[in-house]
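Letters A, B, C and D mark the chains in the order given here, with residues in each chain numbered from 1 onward.
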Amino acid sequence: MPVTTQDLLTCLHRMAEVIEANREYLTALDAAIGDADHGINMDRGFKAALKRLPPVEDKDAGTILKTVGVALVSTVGGAGGPLYGTAFMQAGTVLGGKYELEPQDVLAALDAALQGVVMRGKANLGDKTMVDALTPAVNALREALQNGANIADALEQAALAAEQGMKDTIPMLAKKGRASYLGERSIGHQDPGATSTYLLLRVMADVAREKYG
Amino acid sequence: MPVTTQDLLTCLHRMAEVIEANREYLTALDAAIGDADHGINMDRGFKAALKRLPPVEDKDAGTILKTVGVALVSTVGGAGGPLYGTAFMQAGTVLGGKYELEPQDVLAALDAALQGVVMRGKANLGDKTMVDALTPAVNALREALQNGANIADALEQAALAAEQGMKDTIPMLAKKGRASYLGERSIGHQDPGATSTYLLLRVMADVAREKYG
Amino acid sequence: MKKLINRPEDVVKEELEGIALAFPDMVKVHFDPNFIYRADAPVRGKVAVISGGGSGHEPMHGGFVGVGMLDAACPGQVFTSPTPDQMLEAAKMVDGGAGVLYIVKNYTGDVMNFEMAADMARAEGLRVLNILIDDDVAVKDSLYTAGRRGVGTTVLAEKICGAAAERGYDLRRVADLCRRVNINGRSMGMALTPCTVPMAGKPTFELAEDEMEVGIGIHGEPGRERMKLKTADEITEMLAISIIEDPEYRRTVREFDEEKGEWVDVELVDPPFRRGDRVLAFVNSMGGTPDIELPIIYRKLHEICEKKGLIIVRRLIGRYITSLEMQGCSITLLRMDDEMIDLWDAPVKTPGLRWGI
Amino acid sequence: MKKLINRPEDVVKEELEGIALAFPDMVKVHFDPNFIYRADAPVRGKVAVISGGGSGHEPMHGGFVGVGMLDAACPGQVFTSPTPDQMLEAAKMVDGGAGVLYIVKNYTGDVMNFEMAADMARAEGLRVLNILIDDDVAVKDSLYTAGRRGVGTTVLAEKICGAAAERGYDLRRVADLCRRVNINGRSMGMALTPCTVPMAGKPTFELAEDEMEVGIGIHGEPGRERMKLKTADEITEMLAISIIEDPEYRRTVREFDEEKGEWVDVELVDPPFRRGDRVLAFVNSMGGTPDIELPIIYRKLHEICEKKGLIIVRRLIGRYITSLEMQGCSITLLRMDDEMIDLWDAPVKTPGLRWGI
């Protein structure tokens, strides 16, 4: 059973809810090694994105994701805005014209999102950024699908990998973004961007499980 | 035995010590209903006055007191500077040329000091200022001397009256100086200027008792 | 106490040393007694305008010394009136032969010290007049208090009188103008936080996290009233309405009468604001307020003035008369006539206020 | 949290509304997307200079819009980079046909958003160049970090490039000048206290009564190092020596190559200071520092520069690039040549910086 644009919309609404619920948490993480705005920014962005969804709700997945990406770019600001905005826009590009998504489409979209983030931010694995959560998630998704997992199980693997990736940022010394200015003092703190990335993947896995698990 | 200029110098040195010892106390009183500088200002002034004494130590009481008054005017600032400065200068004026002071000279000097403060500051009794400590002190001194007390006992009466006058400022509503801006909120606090006036009179009484008591 | 200072007792001295090095094209500094004066003083034939007061209100007054504003400023210790010898020596240094105006904020200490200084200066043959600024509507009556404090209007009077002196007004005219500015200006202030005098080492008062002081002066003293914290709009409304609806204010002040050769009591009357008045709107930071908050205050003040029929013809927004790091603001409204507007617009070149030059 | 605001989420919007009302002779404000622009924009034939960044650094950048400085400023939320649509619409509004220079502080967010904006503007037919400011010597290497942050030199670059654009320099020349200002400027800052972002509601970090943060940026983030409090002289020495003895600094930055039509990596080198260099000395308050403390810092900086053989030819002392109510300071030294000095002295008329006009 392919994923529908309705599932995608459900997913986006739930992402907005989860981001709102974790607003203070993400901001507190950012206060420790950044500038205390990541949760606030993401929340503002997802709220704005939801507002722009109604006119495109019956459009293809690509249009929906690009709409979200553009909304994030124009309302989040900071590093998160261009990075998540680019991620959603790139994902939208590979899903142009599609109303039903096969597991491979989901993988292609998430992979495009990752490439977008790397293209925009030039972070390497281990730099203590969202890339450290997104990269293992995409890898886990690819592997699970190769091993014949259904979309729900595969996204669960991706979310678990993102969670592990997020936790792995704790001992890292930041080399990109604001946290890099702290040098050694960045060690011991979990990266806020990696955390928001995990939260979004957790939503995807949950929605998939509820529907297809 | 008349009071000598040596006694006067002892008195001035002790006044400087007492003001220094009560610097924080006077400042704290001023913080409650003023601007938290009375102790700091008085301490700066008396320290400066002591520095200017050596060249006039062998001069008459009038010269010594005027030197202190000028020093206070030019280093204390605030309301305290002109008020105490004028007090010492006026006291100096009535003691011009004198090297030995009879009890009546002491009374005349203190009375002149009071007149100077009133002339300069236009405060009435009950306005919650130094006048509320100085006025009863001068009255008590006059009365004690009329009743035949020696200078030590008479100054003790003056100091006790100043102390009572100082305490009596607590329930008063301030009508002069900074404290007047507080309106009702000035009630319940002891006036810093009345307190420093009492402290100076206490020194005079103590020095007189040690020598003539 | 956290401050960017060395020893607390050296703060004013080192500040003055820094000012001398920092603005050599505008001012010079004299030490013992301390005063800041115009680099090109004395200006021959020009009335010299001098002010002074405790330090800790920067840029006032030292930051307003320069072409088109003050000829000299006498800084006292932090929040403590300067002494007569400073005022006297400053007058002697900058007098250009046309006399000296002392602009004095109405605080007991400032008033008494400037009166002594004026007497001493006259004894040395100078012509000196003192004009008081007493514009703080938080002080209601003058009978049971030391009278209204001098606050925001002081800055405006220094600018306008400085421009007048620069234009060649004689001493009497500059003094009359200063009095006119004073009776047309009204102010009120509030504080979110106290401040710490370096020599005292601890805050001048304590405020709970949800409290503010309303009707403060500029010396870190507690205000007229302690209230629960309100929004910027509510605070602005409270201050602005207190100013705009303040009734006629009468009091006597002491001025020196040159004909009689003595100090006399003069009755002054501040007329209340009326619809159609043209005003300068001045939003002042108490020092520690982030600059992002001042336009928020101005926004509401603008709305209220419009509603009350006051026409804002000039504005001043920023930190001009401060209380160290105190957070809070004050509002001043000055009713202006054509002459005042013209003098306000005249060029000024000081470390703290500059335009047209 | 104690602030003169209404709802935290309305702070930037209401600030902008206030600015529009307060400085109508200098600037206008556009909403959705938000930007402040010169009242007389577009100026035909003049290169448009635009900057932007998070709010909370007032007067930077919005306070520097006006004749002789910026054509437009894009304010983000507090401490958050603005978004590409703001930068794009600002460029379209103020472009006078001679192209647009984006002056970008080197923070990941600012850099990415301005790059996206430049691409979008070029897609709409505008000529746009981006120049980075990365002058904070507290960031030692560029290989293991996002590179030096853009701090105090930004203000100086905006003034100097604004004057150059006003004089009719073409886009390439203004961009080259901006790069030259950047590689000749170095800064470092410190904080005595944190600050509170209105939307966050609590301080961005905690500091004990005897601690300070050294090597901070401008976003209320903790600095490079936490230390025991020192005296003003010791702090000034620490900052000044870090700046003056900073070795040659090499890094690659991304700039747009108009010939190739793509972004390219450019290697930049900041030459170290040498005896005999003429410098502009800039002492900046982080926002909440009482003005009385700044000359104390300048005094020591002056002494150190003299000892190190640097000749201070111009000075800027005050609050220009701030972090809300944070107490602390930053020092910037800019090596100047004749052209920069001349452009620095040129008239400027903005809410935050004004002279000669």
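In this text, contacts are C-beta pairs under 8 Å (C-beta built on N, C-alpha and C of every residue); 3 or more make two chains touch, one makes a residue touch a chain.
Since we're looking at a predicted model, the values are computed, not measured.
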Can you list every chain in contact with both subunit A and subunit C?
D
How many angstrom lie between the CA centroids of subunit B and subunit D, rounded to a whole number?
56
Dist(centroid_CA(subunit B), centroid_CA(subunit C)) in Å evaluates to 32
Two or more other chains are touched by the subunit A residues none
Which residue numbers or ranges of subunit C touch two or more of the other chains?
78
What topology does the chain touch graph have (line, ring, star, complete, other)?
line
For each chain, which other chains does it touch, given as pairs?
A-D, B-C, C-D
Which stretch or stretches of subunit C touch subunit B in the complex?
33, 54, 76-85, 107-109, 112-113, 116, 138-139, 144-146, 149, 197, 199-200, 204-205, 217, 219-222, 224
In their shared complex, at which residues does subunit B touch subunit C?
27, 31, 34-37, 40-41, 44, 73-83, 120-121, 173, 175-178, 180-183, 185
Per the contact definition, I'd like the list of subunit D residues that touch subunit C in the complex.
2-6, 11-12, 14-19, 21-23, 55-56, 58-59, 63, 78, 192-193, 195, 209, 212, 229, 231-233, 235, 287-299, 302, 315, 317, 319, 322, 324-325, 327-329, 349, 351, 354-357
